[in-house]
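These are the structures, in structure tokens.
Shared chain: chain A. Partners: chain B in the first complex, chain C in the second.
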Partner chain A sequence: MRVEYINPFVESAFNVMREVLQCDVKRGELYLKSTSMPVMGVAAIVGLAGDVEGRVLFDMDKPTALKIASTMNGEDLASLDDLAKATITELANMITAQAVTKLHELGFRFDLTPPAIFTGENMEVSNQDVEALIVPMETPQGKVEINVAVRERA
Partner chain B sequence: MKTKEDFPSINERVPEGQRADGTPFRILVVDDSMFVAKQITQILTSEGYDVVGQAADGLLGLERYKELYPNVDLVTMDITMPNMDGLTALSKIIEFDKNARVIMISALGKQDLVKQALLAGAKNYIVKPLDRKKVLERISHVLAK
Partner chain C sequence: MSVQTAERQQAEVRDEKKERAEKVDYKMVTFSLAGKEYGIDIMNVKEIANAGRFTYVPNAAPFVRGVYNLRGDIISIIDLRVMFHLPAERKNDDAMESLLILRVDDHVFGVIVDNIDKVVGVSRAGIQPPHPIFGDINVKYIKGIIENQGKLFIILNVEKLFAVKSDDEQPEAAPVARAPLGAAVMAPQAVIDERTLAPVAGAAAAADVNAEFVRETLFAFKRFGVSAVNEAWFLTRYAEWKASRSEADVQLREVAEADEFLGPFYSPSTGALWSTEYADAVLAALPPLQSRSINVWNPGCGKGYETYSIACLLRRAYPEARIKIWANDSDLLAISMAPNMVFSPESVPEQYMDMMVKGRNGLTFNQSIRDSIFFEFHDVMNSNPVPPVDCILCRDTVSFLSTTDQNKLLADFGEKSKHGGAVILGTNERLPLDGWNRTSGELVSVYVREA
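Moving on to the complex of A and B:
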């Protein structure tokens, strides 16, 4: 997987989270994974199709999702209700939209699917034929992992 | 004794969301994201605007506009929505009321759609993530025209 696809996601995740959470976000070490990956508990997924194809997963545990949604709404949300889910979805939307703008400027053409949210325990994600690059982000609300698995269309 | 009247108060400023006579501007918020709709509503009500309606897609937004008309001053319209997208809803609202004031709410990276919307009669646009200052600035600017 070429790093040009990844950087826009890393940069925009960093920028958008810093902006909406109004705080410091630390970028962890990137790593590649070609086997299945555990999913922490709340995962927003956005699909990409076009010159590049694949998906981006925004993964965090439930307390982190709740804290992020609470911060973004400016009020304490007690449970992962519709509003909290809509908030995490919107976060995924904003990050991918900004990344895609950068990729379009680099000349890649593709479309996005609307984000979907998965919640549950002991979930795993696996990709065949495409490696996933994981970018951990440390926020005061907890860890968010951005898991990007994209490739050029053959 | 000094009373309140001796001090000019910044609180006497008319909130942006109100006309000089104190009546609020009436806004319809069309957005499929509960989070974004809530965020816009909070920003606007804090400045004295009256959010008279919310709709979760373009079709509902169009219906709501027709119901409210002429008691609505401005619409904020998301672009990507199920059932009817914001561009179609915009055209239909303008078909119904050629003086409608509609502001598009767009994710970054939809410049082409924003351009189409402006050509179709949208008065301005706001890019997400929403910034309170920008939202208020763009809306009061459109209403002042």
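Moving on to the complex of A and C:
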């Protein structure tokens, strides 16, 4: 993944999360991964197109998703209903959109697809041939992993 | 009596040959690409045309020139020369290109070639299978070779080239246009001799248990894997090391000692822009690059000094070419500074000055140099999505991998390199692959792949 892309994603993830959750967010060590990896339970995905192709995946477990959705809505949500899912989707959208805006300012053209959310147990995501940059974020609500896999169009 | 028989036999052979040559059961349309003659089965050719002003399609593969309205049908136009990495004459937008309109299954599309010649009738029996070491075009896409009136024609396999769904061998290949690109990458793999690369407990080394320990500690402390890539250097250096120390003090006890041992290993101009002497030696050893676009892969680029050095070197040697360098490193800290590297004027050798611009904090390389480089945070052990390259620059990187990983990376070199392409290794590294020839002296280590 191009070095120029890394910071916008990390920064916007950090800023947006801190803003919407109104609390301290810690960023873990970045690393690369190319094998298939388990999904913790709730995954929101946003596709990228344009100069690059790829996707950004926001991965967290169900209790974390519920807590984040509750915090963002300012009410206690008991189950992962439509509202909760829409909230997580929106979070994914905000983070990706802000990153893409930053990249635009640097002269890279990206388009976004509408986000989609997947929930379930024992899921796995695999991208053959594309390695993913993992940005782990620690929030008081739990761990969120942002998994960015983009590559230059050949 | 026997003379008669022989004569009769000869006559028979002659007749047979004549008959074979005369029986025309295969017609092909012939054309040229970069001066060579090719043919395509006439059953696949719908028509030929001259056309220009194709409508550009954003984000299409590089060899797709655009789409064209052929009497109401929109067809895509593919430039065969770009597809095969052959030099293509760039015409202005209004100029007409020679088009073959092909039909494969239900798909109709146009391919651009240099010149369309004529229809040639030949005998199917005369088609000979392609030789596996054909230069420009992957042998997979060649149906065969035929001789006609003193000229050799390479017959392309259109079905394979433009297969909508490629079969078995390429599960990851996507639809029409993309498939061949992926396939072009699958150049015949260079064979690595597993034995030579395995951690060598060879005759010379076995005699000395200390040498074994040094090998192991080098890997433990510095992840330096002794293998055929650097064996020669290791043995010389070990002898030197042993001679300079007392018997009890040969082994490496700490990281600092391992650093000291490896001190002379690093290539000249490590962690700095290449000196004139080194750059000249590299350029002298590189084969002349023909194509207008030069692709370079630089795994393990570190802070990016060598990447900028080779970018400047190629820019000076080929001012007209389109240069693209994929530089990657798995050390995020090192590489994250690379795209915006700033130099102080006194640290820059004279020959780079004309490619730099003054910024607020010091000198940076100009936009054209910077635009030619992609710095990527990437681990070469994961799949390497670089296109076929003319040159691989990988100094003192292979050695710092485990021997298994070295094998994998070297196999990737064979896969990603074009025929006639070059690999630049660290000064003390050797390339233990068949089919590569060393073209340099001692200062640099350059290998060129046989065409």
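The rule we apply is simple: the second predicted complex is superposed on the first by the 154 of 154 C-alpha atoms of A that agree within 3 Å, B and C clash if a C-alpha of one lies under 4 Å from a C-alpha of the other, contacts with A are read in each partner's own complex, and residues count from 1 in each chain.
The rule is short, and it goes like this: contacts are C-beta pairs under 8 Å (C-beta built on N, C-alpha and C of every residue); 3 or more make two chains touch, one makes a residue touch a chain.
Since we're looking at a predicted model, the values are computed, not measured.
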Superposed partners chain B and chain C on chain A - clash or fit: fit
A:E90 touches, of chain B and chain C: first, second, both or neither? first
Which of chain B and chain C A:P140 touches, first, second, both or neither: neither
Chain B, chain C and vertex chain A (Cα centres) - angle in steps of 10°: 130
Partner chain(s) touched by A:G120 [first = chain B, second = chain C, both, neither]: neither
Which of chain B and chain C A:L30 touches, first, second, both or neither: second
Contacts of A:Q98 with chain B and chain C, given as first, second, both or neither: first
Contacts of A:V16 with chain B and chain C, given as first, second, both or neither: first
Touched partner set for A:P63, first chain B, second chain C, both or neither: neither
Distance of closest approach, chain C and chain B, by C-alpha atoms in Å: 20
Contacts on chain A seen with chain B and repeated with chain C across the two complexes: none
Complex interface listing, chain A residues touching chain C: 1-4, 6-7, 30, 32-34, 49-50, 128-131, 133, 151-154
Chain A - residues contacting chain B, complex: 16, 19-20, 72-74, 82-83, 86-87, 89-90, 93-94, 97-98, 100-101, 104, 114
Interface residues, chain B side, partner chain A - complex: 33-36, 38-39, 42, 80, 107-110, 128-129
Touching residues (chain side chain C, partner chain A) in the complex: 59, 61-62, 172, 181, 330, 332, 335-336, 338-339, 374-379, 382-383, 385, 387
